[in-house]
């Protein structure tokens, strides 16, 4: 197909991302399949423990589960049938709760997306502005403070940070509920915990980007053209700083998922990260594959968003 | 004589800026604490005394006791040795393939480049945590498995960085000149590419190590990570979390250790730190 | 004519004195040019007057613009003048334009934000200015899509959009080839016709000669000669100025006849029917060339006409679309070498020169003791061996490149614009050295340059290459 | 000079405050009428076999038989019951006038349908009772057994045997809607962490005071404690030791605690070459510093287990037998006597085999890995090298089956069925039980237990029980380590809250909340 029929946006962003999505689906399917098959411990026992809890799990329950689920299916046919199901968008049923995986994921996935988006937006409100201010005056007091604070935030694991926020904002001031999901106020503390972790790094990226832009020839030319410092920053600084920040956002999503799992279990948030960890413990294979696939596709979608934002911000990318 | 003789050798912004000196000093102090303490202090990281659980620091035990009455000083130095060693391991297991593939992709270009990049993107899209969880579930009882699991995600940063640098270099006249002079690819990597990449290995390594430890802490929190009683910074944070009210000093020690580690690596990495 | 700007005893200090106190007066409608080599401090003087000295340097002296007196020591008051009365045409204009903003908008902001015109009117004025300089359809282009010359014109308009009548042009011809110089001069003189002031800083003697007006020659931070262009260039008093004028290729002595080649000697290299198109543009087709040992062949033509590509094809660095290249049998491939346009870019950045040379000696098992005499021959002090390429001047590094190549007893040397980045005097020395050394070692040289005069004076025979691709744009 | 940059900062901080503020102080609806319960148990599905306990505790569903504080059966949906003289046929009389939440009447048919589904469902406890058949007869439900089985009433009090309306079941008997007979009906259901219940006005018993209750599952102990302190939860079940100590000292909430029949015990593989002789097991038990573990880890000084059952269980706690004590010298003497000699690395050896065992446990109960770590150290003191394998709880029954289990640290709940005999029969049958004895059998013990399961006579039962417990204490097929206390934090505004020792109810029906 020659290129000029397909609009450039689709050709350079959408198509490669679609290819990546298919790649992720295949990789997740095969990887989780091989890994789960090679996990130690008898699947039937693990599923029985997942279903009935540590008080009720015993050999009788495990044998019943083995009969019920027919776990003796040879490996390759199982993989083949899973891939075929995926094409038909049939994710199968969770071995633990028996509910269709897709229904469980939709509920839990919604909670995680809600939490992740709130965290990312919040981090963009905290990190980059502080980073830009520090970059405008390198070596100033804000720059030094930012270095120490961002190192501090990066070293605090999410659960310690989360706990501090609960103690401070929920117990002492009583502004927000300590945990749980439902009303908007529940979103505040988990999102803030994640956001501070992300902001610590995006502030550094913003600072370095601002440093580079402020020392660039076009910034100096802006001044000698007669523009005030504020005008130079608004017209030439903002956009050129935004490009590296948004590009870095794509990389940051890798660390977001770790934070999400911890924050979800600390704040009793019914998210997908939390569900994935339980699924792996309980060897709930369809749930693992479904969750991993959806999280993988979430990544691909988020990265596509980042790509489109980059194209909008930096016309050079569009013309490449 | 020609008018434009070289200017006297003006020191290019010296490598040893004050920021970097503080960073190296801090890192040296941490490493010294980790490796010297066993000789100076003979406490064992696993001997318990259930009588003085969560005891406050005393002269005998400068860092106090943990929730099973074990010496925090012994555990902290052992944990730092393990964490530093394994963080280093995870950075190496990420750096070596990352850089090698980065150079290969940039050098060959075309299909090899597109293929490796697609795999890297797919790996990036895969939730890193899933890889690590799976990897640990198989290998079960080995802290090193955790760190290698984490490097499965870390190598991508190295790959992308190396690829972009090498791609610019491969087209540069310097490399063309060396090839014309008869030098082979190995020489070009050693003399042209490696010097440009080395400082970045430090920067990415610094943050790789920090995120490795943070990942272990997260995994231990969902009771997957390192197996007790191994002294490891991430696991200690999780174990001491419930006692945040009774013995904040115990919980803060691993957190402060990681903070100093990240701060020192940040300072060393210098201005282009991430 | 009214005086626009008077600078009295302007000096620049870092920890020590960099630019000795200097005074100059800028008349309306009469250009003023500061001539000097790289590193002579001419840019610092201009930056001191403009108030854009880099951090860590301080200036002294007084500058009067119209009725405003500025004390440089205080460093205040400049900001108000920027864009409104004083404008700067920066050194590499394609870097001084915001990479993510379209050309017209970068001009518009001068009108709208500095002069405060409403948006619609600013847009009209900007488009008019662009059209006046042949950039009618370049308004929507990004800086990365403009050629060097077009970017310079956009930067020029943008600098004056805020109403500045006095323009300081910093190295306007740097990085542009000879054909562009006339365009640049036309552009700058346009400023003079409108009764504006122009202060040009350059190392390009030809540009200074064509600008006319007053000239000041700067050497090691000091103005050694100042006065009307005709007197300074016609009857230079200071011997440095004399040598500077003599170093211009047009002043070089005519070459004596090429040494007679004994007939029947086998050629070093023959090329037949070479053709190459690049980016959909035909560069050249069915080109033939035979090069005899020790012969110096020159190729000239505007930038972008494919002369460098032609040289690369001869060295198998680029594959031609058609035609073949045959080299003399029995001659090692390594003895066909190349000299590069930007010397620092041809050396591994982070490796001291000594180690790079030792690597070469070890690779080919050469005799290390040949380095010392070569250093002597190429007038290079051994002390420089321990420095990194970035810590050595352009001229010396090009001679090190020559040394590196000579170690391999080359039979054929493709010099791709070897001296275009060097100052006049260094350029003359390097070119003479190259010719002598090649003749001594009977090594053939193919030298490429956009400076026709230099090629004519240096090579045994010349080949001209096609019309420049965007010359057509100039005509539009 | 950097006006622009400063204004950016103020805008962003402002946005941040607004984003948090707008969702700020409006707290979860916590009027007097709504009661918030928090517990660690996730709600997996509507199936009684996987999440029945939560529906029973929140008063949505009820069982045929209820239980009082010390485990004696009480009538519930079954008004009264009769047993045939051969003890094999039980007849239960249905409580009249009871209505399901969907308005349909409670009938013998609906009860038998619910019980038969529970019987067939894998993982249900009912399947373990020797039941021949369950059939309706007019207003009564007849249960015929293969052999006399005294603990049947206790089995029918288990949450998996809860009675749901026929409309709750789909065609294939999977539960699609929880329609019970309890004081509360199921409202919003958002697995795995949340659901709410509303007061059911048609309830046959005493109407509850509160109108609505929200149930939230919170996995982390710290989170549960903070939810109680911040007033977001009125009743929080199961506090981790450290938080419990903190809350007891603080004045924000009342802390309830009650001993429950759950014991942390070491499950020993009596077939393992090193562990097969009683003397070694006695030594193992003597090497355990139970008092140290109780104070340091469980934060309950008197939680150290002297025998299998805590005093609170009454009938199964035998006061006359010698308590298990911590005595390192006795342990070393017993080991030496059993032929163990210390090797060069301090680990004991006997005819060529090192005394090195794997201690398997699971982190589902956070205190188990900690106790395992303490035990590892204490065993090392006497020369036994134990490596900890903290893995999935199903590894205990799995390794029991293939005989590879050496030492297992488990927290066994003897109140699964209100009468401990139910669990004893399961754990200590002649051929050993997944969570009980492994490769250990004692004829005298088997005879006593079998007789106990048949007799209904209290005094005869007591003699048999004392004999059984003393044999377990002497032979130590499993080594008790510590007893448990169930804890809860209750908001000051709540009256009438209490802890159910058999963990069958949060007591929502009897609780009142001041505005």
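Order as written gives the chain letters A, B, C and D; numbering starts at 1 within each chain.
The rule is short, and it goes like this: contacts are C-beta pairs under 8 Å (C-beta built on N, C-alpha and C of every residue); 3 or more make two chains touch, one makes a residue touch a chain.
The chain list, named the UniProt way, goes like this: A, B = Peptide/nickel transport system permease protein; C = Peptide/nickel transport system ATP-binding protein; D = Peptide/nickel transport system substrate-binding protein.
All values derive from a computational prediction rather than experimental measurement.
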Looking at B-C and A-B, which pair shares more C-beta contacts? A-B
Rounded to the nearest Å, the gap separating the Cα centres of chain B and chain C is 46
Separation of the C-alpha centres, chain C versus chain D, in whole Å, is 85
In whole angstrom, how far does the Cα centroid of chain A sit from the Cα centroid of chain B? 22
Intercentroid distance (Cα basis), chain D paired with chain A, Å: 36
Could you list the positions in chain B whose residues touch two or more of the other chains? 140, 241, 244
By the touch rule stated above, which residues of chain A touch at least two different other chains? 163, 231, 265-266
Spell out, as numbers or ranges, the residues of chain D touching 2 or more other chains. 222, 391
Checked against the stated definition, the touching pairs are A-B, A-C, A-D, B-C, B-D
Residues of chain A touching chain C in their complex? 216-218, 220-227, 231, 235-236, 239-240, 243, 313-316, 319
Residue ranges of chain A in contact with chain D within the complex: 41-42, 45-46, 48-49, 51-62, 64-65, 67-68, 96-99, 104, 107, 121-122, 125-126, 129-130, 132-133, 136-137, 163, 166-167, 170-171, 174-188, 192, 229-231, 233-234, 265-270, 275, 281-282
Which of the residues in chain C come into contact with chain A in the complex? 50, 52, 79, 82-84, 86-88, 90, 92, 95-102, 109-110, 113-114, 142, 144-145, 155, 158-159, 161-164
Chain D contacts chain B in the complex at 221-222, 240-243, 245-246, 289, 292-293, 295-297, 363, 366, 369-370, 372-374, 376-377, 388-391
Chain C touches which residues of chain B in the complex? 1-7, 9, 12, 172-174, 176-178, 180-183, 187, 191-192, 195-196
